[in-house]
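Lettered A, B and C in written order, each chain numbered from 1.
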Amino acid sequence: MAKKIKNAIPVVIIAIVLAAAFARFDFLPSIGDPDAPAHTRTSDYYIEHAVKDTNSPNYVTAVIVDYRAFDTMLETTVMFLAGLGVVILLASRPDPKARIIKPRKFTENREHLGAPAYQSINKDVMIKIIEPLILIYAVYVLFHGEVSLGGGFQAGALIGMVYIIDTMVSPGTISLIRLPKERSVALAGAGTFIYTLTGILTLVGGGVFLEYGKLPFSMSFEEKHSTGILMVEVGVTIGVMATIITILNAIHERARFDDDK
Amino acid sequence: MTNNMSGISVFLADKGIYFLTAFLLVLGIYGMITCKNYMKKLICMNIMQVAVIFFFLCFGQKNGGTIPVQVTGLMGARHYINPLPHGLMLTAIVVSLGTTGVGLALLTRIKEKYGSIEEDDIIKGENKF
Amino acid sequence: MSNIPVLIVLLPLSAALLCMALSLIHWRLGRDVVIASVAASLVLSVIQLKDVIDHGTVSYVFGKYKIPYGIEFRIDAISAVIIVMILIIGFITLLFSMSFEVRDGGKVKNSGAYTMLALLIVGMVGMTSTGDMFNLYVFLEITSLSGYCLIALGGSRGIVAAFRYMLVGTIAATFYLLGVGILYSQTGTLNMEDMHYMLSRGVSTEAQAVALVFIIAAFGVKMALFPFNGWQPSAYAHANAGSRPLIAGVMGKIPAYAMFRYIFCIYGSEFRFMDEFLLIVGIFSCCGIIYGSVRAMAQTDLRKMLAYSSVAQIGYITLGFATGSPVGIVGGFLHMLAHAFMKSGLFFGTGAIRQKYGSMKMEDLGYIYKKMPLTSGLMVVAALSMVGIPPLGGFFSKWYIGMGAAGSHHLVYLFVLVISSLLNAVYFFKLFEKMFMARDKELPDRIPSEVAQEVPWNMVLAIVVCFLAIILIGVFNVPIVNVLMPTVMEVGS
């Protein structure tokens, strides 16, 4: 009983604080009010100037990879960091004997315990139809992200998904491209570096960091912006794809818990 | 808005969504404090992050606005919703994905070392050092 | 020349991104590139500091957009000094961690740890230099994620400590985002300078107060301010030995600086509940100072003792801010600098002892001053500075904080300061007693005898740099204060 009261204390405190804070939500703007300050200070500028400034009719793309491109670079770095973190945390081999609590049903010679058990999926359908479709869609999303919905993150996630499907449906066979976790994490870093490289190129061209108008290519201002956005998106795609492959590879090859049936 | 709408429905239409996001936030924090299983704590952490993402998306909305992609012939900021919160939340989603990935890797290691992801077992194991 | 603010972040970032690919070629290549890039950043940061002192605040806008629309780096004298501090300690920690390379995980784990350290440095430098609220969140996440991984590399207790830190740290990051969201919904801007302008034009006080509660709670968790410090001792104590000086010495200071920016630069004296919030921060700091000192006295593990003492020392920094007077704030910053070098110096010392004798228990330190004169010399100087003995850095920072407290008539703060110095003296003299009086335990030496010094050269370098820094901060406290004071006067008035 005392334990239950102890558990309830933080909840009561949080409830009181939040209730006091959000009592009637008086200070928060009404939903959809077009005159709220959130819509008037910077948002109008983005919507009105995006096409002229960045040559991208998709305002969200214009904001994330041009106006606030530095944020997105660091965001891709966070992805890379997560992939790297998973790899180095799972780098050393597990030693069941060093465990604090011995597993309940520890049995040896169960080599295929962690092997994927998805053999029942129809390989022909997955490999011949679904994978090419996803790949085409990923490339479409990547190159079309500038003018409509989409972008590097989505494309990277889709390509990573293709790799995962591939390893799931045919675990035994040797696939065309093999990415062990050491190489895929290096690829994730290199992909993110493409993004950084775009910024370095603008520095070389005499501008400030990520000022696409100063890319050292002989193009018009609009084309330079499009090229910059595309380079960035390609970098993000590679980074995200490699990170997703890394995380799933690293966790997957370690996920064999001896006491689970 | 029609005139015969009562005060409460006006309030719900204007501010109601904040109740839902605040509820989701408290739900996540409640779960993180009371659950003894680390996996459940991780799930509750995700719920909490999603609550904040919803909160940001709430004030990206604009009455009469469409998606923030330019449509020919539709000029002016009034016709498009605010693109900035959406861009910011893309970053927040990626960050929460990264945190969850690292959290899962840590859980794998904890499970391997301590043989359990229940908090009581782990505290017992820690005291054995 | 004008790109220095971004190059300081960019060089270690690029090196970190390429480190894994380079280490596929040769396992040392990635490490060397990372260390060289941090050294280059250190040189650039010193140039930047000189530039800021000569010509005032530097503003760097990414993509050359107008201020509220693009992301801005804004570097004043305080942040320039803090960046130099981060990079010095980061550089010597990178060198120091060469002695703690983990061989069992292969080259991935090895060069991965260097990448993590470099990204931790990038995150902290970015948090210090950024002038954009959401950009700060992203840098905060880079800092935290690399922090979790480095703590988790410290063995089986480190994993659990890292997981708990991750849960608490994510709550903190979410609260920060919530606070930013509330402010954004009121003003529609994310730039700090612009936010100050918009807030001073009259925004509902209620919203400002709620946002500040969330933001102080978030940074409080990240810097382990008293009621939020549950994660800190085990995380600092069980972190990876090579990166522990950076984590324990610097990682907690940067959120403190960010909190300073929120309270004084963004909200400023126009905010109606300013005094109440400063009082709350002051109460937290006072409780934290007493609590941390008392808990530190009870520890037998050297690392745990130093970790609890960090709770108290963070309290001094926020206590300096809570006085609200320019002298007190400068004292807080001086303590930030001095404590960064003291705490990382103590952790360098414990790391060297551990490397040589493999023990972290206080009882095993007997006779250590004969066997490791340099290391014990540093630890004595750092500990004396912690207690607050006059010519060293720790004395002057406490002096300025005390002056600030007296100037703003907070005599309770002054009282807490004196009491806690006595408590510090108690537990550090316990350490001295073990070092000089206790019997020799005859522990086996683990460093091969062909090494001429007591420890390898990279450890000697780290120890000497910290030793000099503690003394120099003490001796040259007036020039440092003169550099910091104009900025604080500008902000704190």
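Criterion: contacts are C-beta pairs under 8 Å (C-beta built on N, C-alpha and C of every residue); 3 or more make two chains touch, one makes a residue touch a chain.
Note that the structure is a prediction, hence the values are computed from the model and not measured.
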Line, ring, star, complete or other: which describes how these chains touch one another? complete
Between B-C and A-C, the pair joined by more C-beta contacts: A-C
Expressed in whole Å, how far the mean CA point of chain A lies from that of chain B is 16
Centroid spacing, where centroids are CA-atom means, of chain B and chain C in whole angstrom: 30
Check: chain B positions touching at least 2 other chains come out as 25, 29, 59, 84-85, 88, 91, 95, 98-99, 102, 106, 109, 113-114
Mind pulling the chain C residues that touch 2 or more other chains? 134, 138, 141, 145, 148-149, 152, 156, 159, 184-185, 190
Check each residue of chain A and list the ones that touch at least two other chains. 28-29, 36, 38-39, 42-43, 46, 68, 71, 75, 78, 81-82, 85, 89, 100
For chain C, which residues count as touching chain B in their complex? 134, 137-138, 141, 145, 148-149, 152, 156-157, 159-160, 162-163, 166-167, 170-171, 173-174, 177-178, 181, 184-185, 190
Residues of chain C that touch chain A when the two form their complex: 2-3, 6, 10, 13-14, 16-21, 23-24, 60-65, 68-71, 102, 104-109, 112-113, 115-116, 119, 122, 126, 134-135, 138-139, 141-142, 145-146, 148-149, 152-153, 156, 159, 182, 184-190, 194, 198, 204, 206-207, 210, 213
Inside the complex, what are the residues of chain B that reach chain A? 13-15, 17-19, 22, 25-26, 29-30, 33-34, 58-65, 67-70, 76-78, 80, 82-88, 90-91, 94-95, 97-99, 101-102, 104-106, 108-109, 111-116, 121, 124-125, 128
Contacts from chain B onto chain C in the complex sit at residues 25, 29, 32, 38, 41-42, 45, 48-49, 51-52, 55-56, 59, 84-85, 88, 91-92, 95, 98-99, 102-103, 106-107, 109-110, 113-114, 122, 126, 129
Which stretch or stretches of chain A touch chain B in the complex? 7, 10-11, 14-15, 18, 22, 24-25, 28-34, 36, 38-39, 42-44, 46-48, 50-51, 57-60, 62-64, 68, 71-72, 75-76, 78-79, 81-83, 85-86, 89-90, 94, 96, 98-103, 147-149, 153, 247, 250-251, 254-255, 257, 259
